[in-house]
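Worksheet: the structure to be examined is printed underneath.
Letters are used for the chains, namely A, B and C, taken in the order the chains are written, and counting of residues starts over at 1 for each.
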Amino acid sequence: MAKPGHLTLRNIRKQYTVNGNAFTVLDGVSLDIAPGEFVSIVGHSGCGKSTLLRLVMGLDGEYEGEILLDGHRLRGTSLDRGIVFQEHRLFPWLSVTDNIGLALQNSPLTKAERRDAIQQHVELVGLQGFEKAWPNQLSGGMSQRVAIARALVNRPEILLLDEPFGALDALNRAKLQAELQRIWQVEGITMILVTHDVEEAIFLGDRVVVMEPRPGRIKRIVPVATPHPRVRNDCNLLQVRESVLEEFREETIETISNAA
Amino acid sequence: MSVQVIPSTPALRRAAAAVAARTRLWQGLALPVAIIVLWTVATSANWVDTRILVGPWKVVETAWFHLTHHVLWEGLGYSVARMVSGFVLGGFAGLVLGVLLGASRIGDRLVSPTLNTVKQIALFAWIPLISVWFGMGEPAKVIFIALAVFYPIVFNTYEGVRSVAREHIEVARAFEFTRWQTFRRVILPSSTPQIFTGVRLGLIYAWLATVGAEYFLKAGPGLGNIMIDGRERFLMEQVIFGVTVVGLVGFAVQIIATRLETRLLRWRTRSNA
Amino acid sequence: MSIAADTTTLARQVLVTKTAQRPWTGRLLRRSGSWSLGLTLPLLLPLAILGAWQSASTWHWISPQILPAPAVVWGTLVDLTASGDITTNLGISALRVLYGFLIGGIAGLVLGLAMGLSPTVRAYLYPTFNAISLVPALGWIPLLMMFVGIGETLKIIIIAKATLVPIAIAAVQGIRNIPENYFEVGSVFRFSRWQVVRYIVLPAAVPSLFNGVRQGLNHAWLALVVVELLASSEGIGYLMVWGRQLFQLDVVIATMIVIGAVGLLLDQGLQFAESRLLRWRRSAY
């Protein structure tokens, strides 16, 4: 039998109401994600990427279409799915360990097991020595690592990441991308990464989903065949990058000619 | 979380919002109405001593009497005039001192510790001293009100000026602003919101102090007299009416203060949106 | 990052050199932060006031009836303390504040949490609560006097009301200002209602609640002085009224000093507690 955790999105449509007017954020989004796969989603900001992740996470239940996990419709949130928000959303009044421990409030682990799990995940994201620190004593990159540890500590089957490295400088970002790749290989879980950084999407993803805005739709899905672990200047990756960037170039030309 | 059913068309949505607002209004009125009903029943069925708790009707009668006689309106005029004088005096002093202390580190070290200590003397503890030094008349009352207004305004102005972002000051320095330009272009605009918070609090305190002044420095006409007079003559209905009037004026002052603040700070909410 | 940091440092250095080149104002500013001046400056003003006060009485600028000499006030303060007048009355007042503050504080906390957590409770109670809180404590006194007389009950009710309002408002606002984001985190980890209150609402509202408690205590102390000035035969406020009636300004001023000292003590104590309790707010930079 196949591993569980098969995610299916069928014809998702989502509307928001602003000042009494409904506008469509997502339209006709369909996607199949196999267990253990790494899927990247790229698109301009505002094209509904965060909204899509919120739907998959179960934070928002008002949409049309179906989101199925192993054939069953999603209802609400679950500890089997973890999320790293765009902003780290750590609680400022809790130390690093307590922030991670918060995720285990409703886990079946014993107290000792919890302590071990927390320590293990602090090490996984390389934050030994900062266990007692408060969030506002951490740099942006460190906060994001804590958020990743907090999302992983429940050992979810699926991890959703919403532009987790968006606010970081280039050096830190490259480092954390490499670490995320390592964690993904070690843990063997499904990851869905939302980003507006094409290079990041290609470096990490088995497939890259290119979205277009107004309303948010899937424009193209680009497979990236290069095996993991990858190196950044792999020739195949560079080729895929050219082809994805081409999609955005067309879009820009379209927008400009539409505006004219 | 529970799943809410949200109506889909704008018209339906607006109707639903209107219904929700009306429901909230009724819910808010439920308790006051219940109290008045209980009060009416209790007094008319003689559950309570009606010499102590008079019926609502009696209060309405007294209210009508006062509202149609000039004493109330004259008293209101005196009280408001007093409040405004005290507010202007204390507010001006607080503003000037707050800016000076906030902008000058030497001034801050020199004055703030003393000011912070003196502030700890509860406001009303000044009354006996003020009454000896300035008597019971208008000057004493206005000085007391000014003192009440002074504290919130001086501290909020000080805080506002002090908390100007260092980055903004550095911008001013990079452009070689003079001291006056820095004050006029950077410090003043960025501390305005907090200064207005002080002004709003100052207005509220001004009314509190006005009532207090009429209480403790009993000389001359004023709104508080209705209440005090009612208590001395043991006229419950007049006391209830007096308390209501004091509360209503306080309410009006608060509304005016809040309106003024939001109006003057409109640029801020807009840029935040 | 390193490049950005370098440019900022560079910019700072340029600015620092500029200030250093400026004439004496810049230098004096920095020197005033040094130890000796930092401690001397705050003492200058009180010393000046004391000096003026002393000269006023030495050269009889002001009648001692209106402004007794500092030494007289000090003597009275010592005498009143030695005779137990201050301690006894202060004890009575402290007890009143304690009862009123506890009753009002707990009631305010419960009311505020209920109104903050439940929109239904808020819809029913908030308008009435608001109306009641708008009438200053001073306004309620005559009404309450007619119901409960001028005994201990009146004082404790007034102090409790003065405490209740700021604490309840702080609780409501503290809860309502919690970012929606935090609740989403709670829902990601499948928090129960109780867990949401325990792990998100309460800690997130603590800074606001602390402000409320500080204000509440401040108002309680203020209300105590008011009721004791108005209707009392004992307590620190009464001591003041007594001094005023006998035209003994030394007693009045001595009592003011005691009231100020207690206020200062309360304020400092709470500030200390706050800095201990809210250590997580201290940032690294």
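Just so it is clear, a contact is a pair of C-beta atoms (placed from the backbone, for glycine too) under 8 Å apart; a residue touches a chain by one contact, two chains touch by 3 or more.
Nothing here was measured: the structure is a model prediction, and the numbers come from that model.
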Q: Averaging each chain's C-alpha atoms to get its centre, pick out the one most distant from subunit B.
A: A
Q.
Counting only C-beta pairs in contact, which chains form the busiest pair?
A. B-C
Q: Find the geometric centre of each of subunit A and subunit B from their Cα atoms only, then give the gap between the two centres in Å, rounded to an integer.
A: 50
Q) When the centre of a chain is set as the mean of its C-alpha atoms, what distance in Å lies between subunit A and subunit C? A) 47
Q. Between subunit B and subunit C, what's the gap in Å when you average each chain's C-alpha atoms?
A. 18
Q. Of all residues in subunit C, which are in touch with two or more distinct other chains?
A. 187
Q: For subunit B, write out the residues touching at least two other chains, lowest number first.
A: 1
Q.
Two or more other chains touching the same residue: where does that happen in subunit A?
A. 76
(Q) Looking at the complex, which residues from subunit A come into contact with subunit C? (A) 57, 59, 76-79, 82-83, 85, 87, 89, 91-95, 102-103, 105-106, 134-138, 154, 169, 171-172
Q | subunit C to subunit B touching residues, read off their complex | A | 11-12, 15, 18-19, 28-29, 32-33, 37-38, 41-42, 44-46, 49, 66, 120, 123-128, 131, 134-136, 138-140, 142-143, 145-147, 187, 221-222, 224-226, 229-230, 237, 240-241, 243-244, 247, 249, 252-253, 255-256, 259-264, 267
(Q) For the complex, give me every residue of subunit B touching subunit C. (A) 1, 23-24, 27-32, 52-53, 105-106, 109-114, 117-118, 120-129, 131-133, 170, 173-174, 207-208, 211-212, 215-216, 227-228, 230-231, 234, 236, 239-240, 242-243, 246-247, 250-251, 254
(Q) Show me the residue ranges of subunit C that touch subunit A in the complex, using the header's touch definition. (A) 1, 4, 181-182, 184-185, 187-192, 195, 199-200, 203-204, 206, 278-284
